[in-house]
Amino acid sequence: MRRRKLEELFFRSLMVLSTVIVGGSFFLIVGTIFYKGAPYMNLDMITKIPGGGFYIGKEGGVLNAIIGSIYVAGGATVLGLLISIPVAIFINMYMDGKKFLSNTLRMAYDVLFGIPSIVYGAFGFLIMVYFGIRASLLGGIIAVTLLVIPILVRTLDEVIRTVPGELRDAALSLGATRWETAKVVLRQIRPGIFTAILLSFGRAVGDVASVMFTAGFSDNIPTSLHQPAATLPLAIFFQLGSAVDEVQGRGYASALILTIIVLIITILAELLIKKFSKFRN
Amino acid sequence: MTQTPHISVQHLNVHIANQQILKDISINIPDKKVTSIIGPSGCGKTTLLKTFNRLLDNTAGIKITGKVLVDNEDIYDPAAEVTHIRKKMGLLSQRPYPLPMSIYDNVAYGPRIHGTREKAELDQLVEEQLKATGLWNEVKDRLNTSASRLSIGQQQRLCLARGLAVGPEIILGDESTSALDPVSTAIIEDLFISLKEKYTIVLVTHILRQARRVSDYIIFVYMGKIIEFGPTEEVLLNPKQELTKEYVKGYIS
Amino acid sequence: MFKFLTLTTSSTFTTSTTTMQLRLLKDKILAKLMLVLTLASVSLLLVIGIGLYYKSIPLLQRLSWGTLLTSGVWKPLKGLFGFYPFIMGTLWVTGIAIIIALPLSLLTSLYIVEYAPARVKRALSPFVNLLSGIPPVIFGVWGVLFIIPLIQKYIAPHFVEYSTGYSVLAGGIVLAVMIFPLIVSIISEVLRTIPQELKDASLSLGATKWETIKKVVLRKALPGIIAATVLAISRAFGETIAVLMVCGNNAVVPHSVFDTGYPLPALIANNYGEMLSIPLYDSALMFAALLLFIIILLFNIISRVILARLERKLAV
């Protein structure tokens, strides 16, 4: 008996240890970034674009990358929504009765969700070459849209499924068309749509492999779709690769900026999800 | 009643999440007899049953006061060893829950946990209990196949064999035939009647016909309180309390 | 509910037949449009596969699949493309990541679902979610700042003479942390579906909680655990930037955890610049992407099918 109890105690301690490691790694990572990045953080970093010689230690900031990332992520999210909302509605409302088909479709999107961003980047590059688009804001948006569609479809699908069937049935029995009912459902799940937007934006803003080949890089803020756009993750990567300590340090600060942006987005999304489920119950 | 009580409940109160489920229960369960607990849904009969093997311990928000003496030892004593107590009892739940393993391993599960390792010993134990529950002939050729392939009636008998394999003194049944067809139900009921020679049996049931057929004693519970306790025929055909009369009213033998 | 009723009454109670026809027409058109969009986005899977294959054809015309996958010679200027080192690099990094992440995540999930008091559960889950939101490049920066010095100064000296810290071990550790949330969330989900009555059956026989977990719960959860692992492997395979930053990027086959490695995604990412200037290089990189795509696709489908079957079994 004692052996059995000891065994339980042993594994239980292992479990607690693991939980501490897994949960604590979040703090470790964010903490390291803050610790190393904060000393190099100043207002210039977020308000100026790189001056000449930025990469060897002279003046400037990463505003080009911040704005570039926002443009790319924003553009991709908007384009992604235009495609994903109809798809999510279609799967849920126009395919009732065909359970097998809609489940297969859902699985297809789950699989698309698992495709790594480098593949989307490579494919996006192929498309660009085919259509003769150069590395630019447009290219970046195309590649990231592909990346973001599965995330949006999945999230929207889950949210739509939470709308009780009775609401839809009530609408249809009053003589509304499926499209009109869809409009009502959409209004109902507005917080869910915001969550989807936040999640996809957060993913898009932090991804590297999809924009590497497709968005190019520039020290300036793009003023048209055909100009190359800098993105924060790439900016971080380039700065870190420099031999100059000052520039490396600024890389850490840029990482800090990116981390803060993404944390804010993720926390907002979590809060929305919580509020949304409370509101429904 | 002059037999020694096997289980003696003294002033048991059970609260779950600030709701009082059992109110000052005091009852003695007679040794080597079948006692059925009857009562309307939600009156607390399953809760009462589960206090006997301390299965309620992990329920969220639970508070238990009072004593439950088994063989004159309070099982709720802080020094008591839970697994030891549970070994004394076998629980048969409403729906059979065969463990995700072979028929053999299901029955051998308990003994193995408690230290029996010898294959010969386990073989004998498995055969003995499967015979005791009437399953042996039906499964002796496929002991190593998955238990989930059995029919529901067979699964419930397997669960009974599994429970008997640890050598309990008491068998607890929580509406254990409600998921079964009439034939399997009759088989299990017969098993209870024959097993009471060796074991004390406590059953929760809402089927009065079953209670009458199988039990020696009946406890009637209503809203967490014991209303009446006595020999089967007395409680069912000649109840002393008003509430009992109301409950068994529809029952004509 | 009331808002909704007023919405529809305004349109349904105008009983003119032309309005009715217009509404139905609109509905039909939109339905067709949605169908097109749905089919188009799903066919992405096919299109990507075909596109990558098409671009790899020039390479496949020169070298066979066998040579490509087993040769260790990587000399693009001479037209020699052996992917073996990169495949091994990917396998090493992924293997290390799973060896670290699976036990830790499994134990954590068990703790969260079976043992943790409600307060701890509530406090813990946001942080696991937040971890999954951190961008890969940040993991890479953390890897460079924390893991590399850790390996170089504290771990490697016990085992080898000298290490820069840039190694498959570093890649594996960083990847492991990245996939924690994925495994924890799937396994937790699966554990939560195991009925309490089944656990009660084991407890009633006198087993301890841990024995119940060991012999009953884990067995029941095994398909789900496998599915989670397969999914995590496919995620680890495709991770690019975080691994690239800490792996060393040398085109040699690793022989110990302290050796450098050069996984497939890193290969693609590092060399896309030269892609168009060296003949066949672009085909080679697209081929690498195709390899990744096929493997990940397979793993994803297997894992999702297992999970779907599990879901259906439990719904019964």
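We call the chains A, B and C, going by the order they appear; numbering starts again at 1 in every chain.
Just so we're on the same page, contacts are C-beta pairs under 8 Å (C-beta built on N, C-alpha and C of every residue); 3 or more make two chains touch, one makes a residue touch a chain.
Everything quoted here is computed from the prediction, not taken from an experiment.
Peer 1: Which chains are joined by the largest number of contacting C-beta pairs?
Peer 2: Top-ranked chain pair by contact count is A-C.
Peer 1: Looking at mean CA positions, which chain is nearest the middle of everything shown?
Peer 2: Taking the mean of all protein C-alpha atoms as reference, the closest chain is C.
Peer 1: Starting from the mean Cα coordinates of chain B and chain C, work out the distance between those two points in Å.
Peer 2: Distance between chain centres: 48 Å.
Peer 1: Averaging over Cα atoms per chain, report the distance between chain A and chain B in Å.
Peer 2: 54
Peer 1: Please work out the Cα centroid separation of chain A and chain C, and write it as a whole number of Å.
Peer 2: From the centre of chain A to the centre of chain C is 15 Å.
Peer 1: Name the residues of chain B that each touch 2 or more other chains.
Peer 2: 83-84
Peer 1: In chain C, what residues contact two or more other chains?
Peer 2: In chain C, residues 208, 211 touch at least two other chains, as defined above.
Peer 1: Can you pull out the residues of chain A that are in contact with at least two other chains?
Peer 2: 4
Peer 1: Can you tell me which positions in chain A touch chain C when the two form their complex?
Peer 2: 4-5, 7-8, 11-12, 14-19, 21-23, 25-30, 32-33, 36, 83-84, 86-87, 89-91, 94, 103, 105, 107-112, 114-120, 122-123, 125-127, 146, 149, 153, 167, 170-171, 174-180, 184, 202, 205-209, 212-213, 233, 236-237, 240, 251-252, 255, 258-259, 262-263, 265-267, 270
Peer 1: Going by the contact rule set out above, which residues of chain C touch chain A in the complex?
Peer 2: It comes out as residues 1, 4-5, 7-9, 11-12, 23-24, 26-27, 30-31, 33-35, 37-38, 41-42, 44-45, 47-48, 51-52, 55, 103-105, 107-108, 110-112, 115-116, 124, 126-131, 133-142, 144-146, 177, 180, 184, 208-211, 231, 234-235, 237-241, 245, 265, 268-269, 272, 285-286, 289, 292-293, 296-297, 299-301, 304-305, 308.
Peer 1: Residues of chain C touching chain B in their complex?
Peer 2: 118, 195, 197-198, 200-208, 211, 215-216, 219-220
Peer 1: Can you name the residues of chain B that touch chain C in the complex?
Peer 2: 53, 55, 60, 83-84, 86-87, 89-91, 93, 95, 97, 99-101, 109-110, 113-114, 159, 162-163, 166
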